[in-house]
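In this document, chain identifiers A, B and C correspond to the written order of the chains, with residue numbering beginning at 1 in each.
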Amino acid sequence: MTELLSSLTEFLVAVRGAQPLLLSGLVKTAEAAILAILLGTAFGLIFGLMLVYGGKILRLAVKIYVDVARGIPGLVKIFTVYYLVNQLVIEATGYRMSAMLCGIIALAIHASAQIAEMTRGAIQALPRGQSEAGKAIGLTFGQIQFNVIFPQAIRQILPTWVTSAGEVVKGTTLLSLISVPEFFVAIKEAAAREYIFFSFYLFAMLVYFVIIYGIELFGRHLEARFNKY
Amino acid sequence: MESYHFNWNVIWRDWDALLGGLALGLEVAVYSLAIGMIIGQSCAFMMTAKSRLLRVPSRVYVTFLRNQPPLLLLFFAYFVLPRMGIRLGREESVILTLGLYAGAQLAEVFRGALVNIPRGIAEAGKSIGLTTFRVNLLVILPIMFRNALPALGNTFISLFKDTSLAAGIALAELTWQTRRISTETFAVMESWITACVLYVVTCTAISYALSYLENKLRIPR
Amino acid sequence: MTSQNRQTSGDLLIIENLHKSFGDLEVLKGVNLNVAPGDVVSIIGSSGSGKTTLLRCINLLEEFQAGRILIDGDEIGYRNSGGKRRLMSERAIARQRAMTGMVFQTFNLFPHLTAQANVTLGLRKVRRLPREEANEIARTWLARVGLADKADSYPAQLSGGQQQRVGIARAVAMSPKLMLFDEATSALDPELVGEVLSVIGDLANDGMTMVVVTHEMQFAREVSSRVVFMSEGLIGEEGKPEALFGNPKSQRLKEFLSRTRT
């Protein structure tokens, strides 16, 4: 018992010592996750609408993008952007993208493909009678989208969107492998410096759990507020 | 700025290593799925049990692991467990980590499949004289399994993609081999294009195979 | 209501030689139908004879290959430009759709909106009425269909009969010149049919011009000024209800009536 207590105090002292490192890592993680989710959502919605309403060629192009993006593991996307896309960018512009930027782009591509697919699914799952009822009272195409289709589709998308956001947060740990100094890197450094491994890893698990599960709970809260019908 | 010269030879030279890496990933995914299914089905029964003693721990396990980054779990298994006297090889670490992680995901899948089975079906089993255990084994489990089949297929594909994380602990699967080639030879285009194509083709092939299997095993309606 | 004091000469709805195919399947084979203001026309006929398709053409939910539909003297859906028949712009079609109200067999209420918001959506977005006025009209119509107390309920909280009455309020609140009902009661449990039919009957008594596709022969007999029998994409027979039901001329109608009479 006293042994446990003393190792706990030892760990807390170590965490205090590593506080600046851990905090800056956490900020990087948050930055990467938020930007990737925002970009991924914006492009995902646009791509999803293209999948539903685009012409044949546009639909095919977006479908290929989505299928390819979903077939490549997240880490491979990160490496591909970091090595291959960066090479192309350097040749075209002479400018090298930072590891952080590469990581955000890769995570955003990943999220955009998921969100495109769920947007398409949600819109196409609505009964045809919904848009017909809108037409029957004289609404135009745009009015039907904004007043009838989107409000219903968003409720459909929300739970899976929340899952995607959680996946992006999980994915930020992969950025450690292209040496972005995010939270997992900070944890590893702190653990090695203080030579306390188990506790630091457990601490990391708790932090990620709070963030990812927190997002899920927030999503459920939104859902409950939305789902009055 | 010098322009890039393609040299596909570096890929052909290491082609066997790449395919070997792909096969290793598939193998790891199969073992992880097996572990994940056992854990997932057990947890599903526990989560729907009457006893709190079963429900609470299974719920805690599933909720905690579902919300963890798998890379963190993998590093924990490979770098931290040995310091506590538990020594696992690279491949075992990946299989164990992904198996436990998939188990948590699959628990939710199986639980959903389980609660969707009408109560009357279990009652019918009991009414012909089967014990609760045999009702579960002979009636409920097969129905649950088939209900869960599409999600199971998706989980397998996810697992296969997640085996790429093993590159982080230097297991010589496809991603690690690709990164090795790309940094050794500077053939970044060739190597990463090859990896992307191999992953997409494999995932697509698995997905077709699974939908074929699904059609065969589907309960006719 | 608007349709009472209109001073149009002639018919409110004119359908001339309407042809409609789905691919190779010709569903309407040259339908002609005139409906005078205040008329209540019931359309009967066996399943698959094209009744729904005819209503959907009138509301421009379907395109049609030949023929003309005029509402209040204006041809709808298509215009002639340089001798060619062209579909009108989406906006023009939306405007024309607002002149006819449609009540669907499956209600098609907007599930994310309250009963009142279902009614006000068209008033606000199409007729561009201010919020207060739209709410006022919606409340009036919900009260007319007996749902004053359900204004804030969502469709999922309403029974089928109540949902369909909201559907009727939603359509009629737009002050259409013409109301179309497509088997408005066939998706309802038998005990809920009466409440919906009585709302439709009230509208008829108020002088609303209506085209009603129905399987309720009793209702068609009591409420309509005219009954039309459709058969295989054509109008087989039409007339006053007494004549059509009492003295059917064609063999097909006789068979149809003997099958439906219980």
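Assorted remarks:
One rule holds for everything that comes next: a contact is a pair of C-beta atoms (placed from the backbone, for glycine too) under 8 Å apart; a residue touches a chain by one contact, two chains touch by 3 or more.
These numbers were taken from a predicted model, which means no experiment stands behind them.
Taking the mean Cα position of each chain as its centre, C sits at the greatest distance from subunit A.
Here the chain at the heart of the shown protein, by mean C-alpha position, is A.
Subunit C has its Cα centroid 48 Å from the Cα centroid of subunit A. One simple way to say how far apart two chains are is to compare their mean CA positions; for subunit B and subunit C this gives 55 Å. Rounded to whole angstrom units, the spacing between the C-alpha centres of subunit A and subunit B is 20. Under the contact definition stated at the top, not a single residue of subunit B touches 2 or more other chains. Against subunit C, in their complex, subunit A makes its touches with residues 127, 129-130, 132-141, 143, 147-148, 151-152, 155, 228-229. Subunit B meets subunit A in the complex at residues 1, 3-4, 63-64, 67-73, 75-76, 79-80, 83-84, 161-165, 167-168, 175, 178-179, 182, 188-189, 191-193, 195-196, 199-201, 203-204. The touching residues of subunit C, counted against subunit A in their complex, run 59-61, 90-91, 94-102, 104, 106-112, 121-122, 125-126, 154-157, 167, 170-171, 174. Of all the residues in subunit A, the ones that touch subunit B in their complex are 67-68, 70-76, 79-80, 83-84, 87, 90-91, 94, 166, 169-174, 176-177, 184, 188, 197-198, 201, 204-205, 208-209, 212-213, 216.
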